């Protein structure tokens, strides 16, 4: 991974239209993150139009943070469109370990073979059927504890699987990377993980999913590092984070990415 | 248009209650924009209360950004209340060209004769039945290309029609204005257009809709110019924009409005 | 109330999982406020999982800002879980005086005996059946005018009742406090009241509800005072407010709380 910045450059040149079916808490932040990074976000969920809209998009992100049966159906309809057209889609299994409803929804979504799955350690453990100590929507397991589950899940589903934490872990079952960009204020702002999945969706358009996902995570974490400089709390940090997504250059990313083979 | 600031002064003195039926992405930003500008926003959508609530409001804004059939019905119920009481309502046809569902919904809403319609060039073209190259919810046509469509739409519906872009165009079919306030960061913050429609709704209460709409657009664009001073990206810009809406005076607006007859 | 800071210290040590069923406008701000303050927020509403999730949470906040019949049912299901398990839940009767639907919903929710009810003066008057001049979701009555209604409501329901305004009033029918922390910009940012109810829910976990509610209000108002220093408008204020929630210490709170017996 020496060309991390190239993925940012290509994403910005393409300005991909990313269709997001996400939770109510994250929608605004996710749209702002995608606009700041250089993509074109849209949120569309009604059964009456979701498949038609998905057909216009270069990528889809699905997030189960505030699901209900109607939205769940929309997620499956849109994901099916992406599968049929050979376009990427990304799954964020928010709080999947918390309820039976989320587990069953994710089981159905996994059959539609997401291109990338990203979650915290507890979510990846729960999704892989390996337990997990999640508490609500926050992680209660270290990333290390979810690495084997991530590899299993990647093997079983064909997805690139990313585990977020102080040091991220990304694998496609045959290769793996660790990333140490980021900062301690990121978990203190809501929807940071959710919005990251939109960025991953934008990066993997027309790119090999493993390195493009690694590049997206490095970009996001590096923006977090920049934003943390001078921030006294999560309010100023959030504002500076959007600015950093907007101003970071491909060269900055190549120079600042902290990626190693795992 | 020499008295632009007067419209701001009158809006702030009235503190109009603006009922918004808008998309999930925009709700928070729209409420903050209206509070900062000096109005009183409320978001209400359930069939069980939407007409009763509309009866309390001085103006209504309807935005189809994340529609579904239940919300669509609420939009029509609330708009009917405004029509029956002779109060203004404003339509934002977000992404109308993208799906059949949005086109059909807008066709029904147009029969309820909105006071003002504001969208980007692609949306106004699509709404007027003149094509339009919209991509998702973002414009892909220049404002100039939508001017004839805007006049046609104004003629046909009786609405004031505003086309947003680097230079805005506003017409009631017999007169037209161009406005060049604004800044390049505005399209990098989500819901800026959506929130503007709430501000228009606040400005047109008990005012002639054409000059009041022009004044609202000038106010909004001028706040954008102020906020851009010193902003390094969309995060700091959004925060400064809310501050500028709050601090701009009627005299500032009269002095800074860049409005000309078209 | 000499140990106000202790309640903040205990809340942060517990990092309580607070389940919120709240309105669409407030969700993002409410999650950010709870994260900044030191709690763990989650928003869950589907009938298919809401009771299961409530069983995992230490506290629940219910807000009727953008209700519909499906969400109303979820509110009642989740509140019932808290009642059954002896855990606290907090009610925010947003705009209850505006529509029959809200009045009927609140009447049902009151039978589930909320631990704390907090609203503005118009909302508390309407909830107590004592009139109230609310306009949309904003207060149009002074706090003083709602004090007797607050005591009646506390007597009748067993709840701690808090009336927000320039000087807050909090009572459990036998005792009462007035709080004068806060600043004039707070009503210019949307969802500030809504988010406060989440903070109250976090504070009352395993604590006596009256002093814990007072401490939560003092903490919130003090953060507002800090944020107002140097803020030129509601945008910068909101950002600084989240930073203040994050950086305020228990000692700061004990020193800065402006609480007196009423």
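Chains here go by letter, A, B and C, matching the order in which they are written, and residues are numbered from 1 within each.
FYI, a residue touches a chain if its C-beta (ideal position, glycine included) is under 8 Å from a C-beta of that chain, and two chains touch if they have at least 3 such contacts.
What you see is a predicted model, and the numbers here were worked out from it, not measured in a lab.
Q: Rounded to the nearest 5 degrees, what angle rotates chain B onto chain C on CA?
A: My answer is 120 degrees for the C-alpha fit.
Q: Compare the two sides of the chain A and chain C interface and say whether they are made mostly of the same residue numbers, over half shared, or of different ones.
A: Since fewer than half of the residue numbers are used by both chains, the interface counts as different.
Q: Roughly how far is chain A from chain C, going centre to centre by Cα mean, in whole Å?
A: About 32 Å, centre to centre.
Q: Considering chain A alone, which of its residues make contact with at least two other chains?
A: Chain A, residues with two or more chain partners: 24, 27-28, 238-239.
Q: How about chain C: which of its residues touch chain B in the complex?
A: 23-29, 65-69, 95, 98-102, 135-138, 187-191, 231-236, 238-239
Q: Enumerate the contact residues on chain C facing chain A in the complex.
A: Contact set of chain C toward chain A: 17, 19, 24, 27-28, 31-32, 35-36, 40-49, 52-53, 56-57, 238-247.
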